[in-house]
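Before I ask anything, here is the structure I am working with.
Chain lettering (A, B, C and D) follows the sequence in which the chains are written, and residue indices restart at 1 in each chain.
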Amino acid sequence: MSVEFRSWLVDQVTPHEIHLFRREGDMLATRTKFQSIEYVRTEAYGNILVLDGAVQSAEFDEYLYHEALVHPAMVQHPHPERVLIIGGGEGATLREVLKYDSVKSAVMVDLDGELVEFCKREMPTWHCGAFDDPRVTLLHEDGRAFLEQELTTGAPPYDVIIIDITDGVPDGPAAALYTQEFYQLCKDRLTPQGLMAVQAFALSMDLLHEHATIARTISAAFPGSQSYTTFVPSFIATWGFVLAHKQGEAPLTATQVDGRLAACALGDRLRAYDGITHTGYFSLPKAIRQTIASTGEVLRDA
Amino acid sequence: MSVEFRSWLVDQVTPHEIHLFRREGDMLATRTKFQSIEYVRTEAYGNILVLDGAVQSAEFDEYLYHEALVHPAMVQHPHPERVLIIGGGEGATLREVLKYDSVKSAVMVDLDGELVEFCKREMPTWHCGAFDDPRVTLLHEDGRAFLEQELTTGAPPYDVIIIDITDGVPDGPAAALYTQEFYQLCKDRLTPQGLMAVQAFALSMDLLHEHATIARTISAAFPGSQSYTTFVPSFIATWGFVLAHKQGEAPLTATQVDGRLAACALGDRLRAYDGITHTGYFSLPKAIRQTIASTGEVLRDA
Amino acid sequence: MSVEFRSWLVDQVTPHEIHLFRREGDMLATRTKFQSIEYVRTEAYGNILVLDGAVQSAEFDEYLYHEALVHPAMVQHPHPERVLIIGGGEGATLREVLKYDSVKSAVMVDLDGELVEFCKREMPTWHCGAFDDPRVTLLHEDGRAFLEQELTTGAPPYDVIIIDITDGVPDGPAAALYTQEFYQLCKDRLTPQGLMAVQAFALSMDLLHEHATIARTISAAFPGSQSYTTFVPSFIATWGFVLAHKQGEAPLTATQVDGRLAACALGDRLRAYDGITHTGYFSLPKAIRQTIASTGEVLRDA
Amino acid sequence: MSVEFRSWLVDQVTPHEIHLFRREGDMLATRTKFQSIEYVRTEAYGNILVLDGAVQSAEFDEYLYHEALVHPAMVQHPHPERVLIIGGGEGATLREVLKYDSVKSAVMVDLDGELVEFCKREMPTWHCGAFDDPRVTLLHEDGRAFLEQELTTGAPPYDVIIIDITDGVPDGPAAALYTQEFYQLCKDRLTPQGLMAVQAFALSMDLLHEHATIARTISAAFPGSQSYTTFVPSFIATWGFVLAHKQGEAPLTATQVDGRLAACALGDRLRAYDGITHTGYFSLPKAIRQTIASTGEVLRDA
């Protein structure tokens, strides 16, 4: 007499597209001071973290996102010792950063301590124990205020800054973390060979202009920057990033990347990233390059 | 630059049909020892309680379900004083029972204490404070074991027993609460004029045979019983119930129902139920009556 | 190496609810001068006819709708000989009308000849050959203009008029078929004992006010009228109808209905309709009766 | 009083994922001797062609697919004069081929003449008049039988063969067009510098092994071949292709591609393809390269 009832996780990707992921079993949902958290097991992608209704990270393909966010910057720096992560709640960005033995200090500043506690407790396959690494300093405060205060107190600068903010579009509550002034502040907190990596929204038809605006704003603050991308299936999109260089170098070649990874003994520890993947990241399709290169708005404070 | 992202609650009603409810804002989800709980705000139906992936109760139309479950039995009994509810987690069945001033004792036995705590805390518009009524005894144990023990100890019988079990189809964990032996036990615990009301699954094409099996099983234990139904929009279905009489009386007429409600001063306190509604409940469409009347399986222990 | 790909029919029931029906195999879609047609096979309901994106009729449950639309009026009339159907494209309304041997003439006026041709060709289980019955006159013109012209020419009046217009809400292109003046015209074209039956939208939360407006408008034109309803699963709704009487009689009792059906030798030929079903139709839940009875707009020409 | 009803196109991408595209207005659907056709207007991607329930091609992003399928092969050949397309119903593959002035003869062999007629009539933005080009020969017969016959009759060989078969997975009706023997036949029909390009399924988690099998099978027939990919948003996937060389050359560099496009005066006529895009196509992520490179099945006749 039984009928199997099944449920689905829904992501309204845009106003015009809805994506359903078949669920397995239970889910958790709660609310922090800053955002809603849902944590759902799906058949296609394992557990998925959803923040304020938007898919953030999926167990089976989060490595595609986090390796893309972290390694181009880390590999291009000759010897990254001090790294700052703004955002990065799940701990997977931190996990990738800590793979470099050169790193002596990794500071992670995520406003939402409750989210980080949730991720620590429920999502061990993301952080893999990274929060327990003695090199890590974990802070829960506003990322921009933190940088401004460090500038005042004369704290030592960073070799790499990674902006892994998950909470929405540039005119949302995190708007102050998307302006030219903020990126200038990041640049001021970098060592002379320093680099910044920024997660910068989907390169989809609806959102490409948001990426272009962020890329343009970063290029107004840094002497060199490039957009890059990788496909993340659970995001239903090719995701965009920006790599910014304080000295404005060219991106590395595939051979250089593979050489650096070999020198760091990282070749076998990365699932997605190597020299060819790196080349793919930075070889955007022509139509996307044209949109990004078009003139337009630069985001400013106020 | 913003795009509004929206999410949806999904109910896979049957293997062949999926229903999406547009969500508003956050949700809560957790797991008790017995089942998963999700509590989601929707635009069409307000908050919705989902247990193990199936919609259980929606804020805007739960009165349709709970008034149908409770009042036909309560009104047909001349003077209900002692009422037993098995299941009934949200407290809305209890709320309806307590509207009768004749009730001196309402015992609610719901196995899942964590669910009841959740409902008490998060769903006040369902219970409306019913759990605080001094006439109420709330127990968290197995409903059948409870009845068997009461039979042994010679506790006084009930005027009305309401079976409001929400956890799934008859071959699930609650299978022992759907057998002829269980219904016989209920009958044995009723006063001579006693009645039993049972929630008995959707009268939809896929599930009608489950209702018919339950109705048949109840009719094997009671001298008189009738199926009845009301449409509950958030269930995407006309829902089925069975009213069983220890003395096997005929259902009331509309005029009788209205007279009883007037005598109880309940007319203004019910949103769905009155004499005409009662007549509608018991006037099932011909095709459904034929299916229910067909011969078939009776559920037995073991 | 194969993966099964499946598709679904989607009905956005309201802005807040989307329903998916699992499809089987191919579909047909085309466009007439007046509307778009889609004809899709589903697992749950067999073939489904969709007009302008809205589900109109499903193979497995269309009898619930068409028996409800036709029989209360036909049974209440002592001897229906001349019947007019306005709309009714699929031919199933006609099919039900022709079951009465008393009927000597059935006139069907559906504006969209291409739709009727489609239904004739593709949907034989709906019309069951009704269009070939020698008692039938099929016309493709505007229903109101037809009635106005007949009034002028002094054509004999009808015993029953059935309004089975499918193309959308009252402010759509068929607005002139929802006004007090139109219903007055229908009344003028009825014999003294004549009745009119009107399909009148879902009694769901979003649409109940539309039904109430139509019911109110009809009651402004006829001395007696009642709303009634039946659940149609593929519509995801209890559907509303209005029965209007030129003489304002009371609805029949279950016993009267069964007597009339027996006299017409129709008992075995109807799947949903009989005396008890009839009683259920007219026993609306209290909350719905209250909304329908509330004062409000009456639709007028211009 | 109106409520807007909307519909959606559904693509069950895998058994575990369903994607909904919001529709605009009408759709067409029909059935040819070989497959079902649906043609639906969506808000996100314009008109979409659906064959046997699977999305084939969308107006707004078909150029991403068709430029990727055609240009890597055409550009690598020093002077393509004779081109064969197997499949290619919409005419967009043909449109891209005809952009090369060097092409003297383009033969398109698509089994389904009714589909091609549909595309000619309804989908002008795909073919852009390509079918009217005097260099084109359009045939409706089985692609493999055509090649076998040409081999027998000693017809002149082709410089480029493009396999653009849309009808499903390799064990479907087109299984004979996915075997080592078939690819060997293609190689035998190529000029010494000839190339073959094959559309080869999504590089998604569910389907990557199908691509790998095709790539492996092609590499068993050709001395050199490479997988490549581009993201096609309406496919909800990065799509896979294989480029096979009769002489086994290495892929071109970005500079070589841009030089060739300049020589052909094609730079301004392509929206997606240029040297950097080409580099991106062939720079697959590490995890995908590893799966493709793994040993496994080679498809053989019978």
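What we mean here is this: contacts are C-beta pairs under 8 Å (C-beta built on N, C-alpha and C of every residue); 3 or more make two chains touch, one makes a residue touch a chain.
Here the structure is a predicted model, which means the values were calculated and not measured.
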Touching chain A and also chain C, the following chains: B, D
Interface residue identity across copies chain C, chain D - same or different by half: same
Superposition of chain B upon chain C: rotation angle, C-alpha, nearest 5 degrees: 180
Distance between chain centroids, defined by C-alpha means - chain A, chain D (Å): 34
Approximate Å spacing (C-alpha centroids) for the pair chain B, chain D: 57
Rounded Å distance, chain C centre to chain D centre (Cα mean): 49
Chain C residues counted as touching two or more neighbouring chains: 8, 14-15, 18, 20, 206
Chain contact topology (line, ring, star, complete or other): ring
Chains grouped in pairs wherever the two touch, ordered by label: A-B, A-D, B-C, C-D
Complex contacts: residues of chain B adjacent to chain A: 1-15, 18, 20, 23, 25-31, 36, 38, 50, 52-54, 169-172, 206-207, 209-210, 213
Residue ranges of chain A in contact with chain D within the complex: 8, 14-22, 42-44, 60-61, 64, 204-206, 230-231, 233, 236-238, 254, 270-274, 276-277, 279-280, 283-287, 289
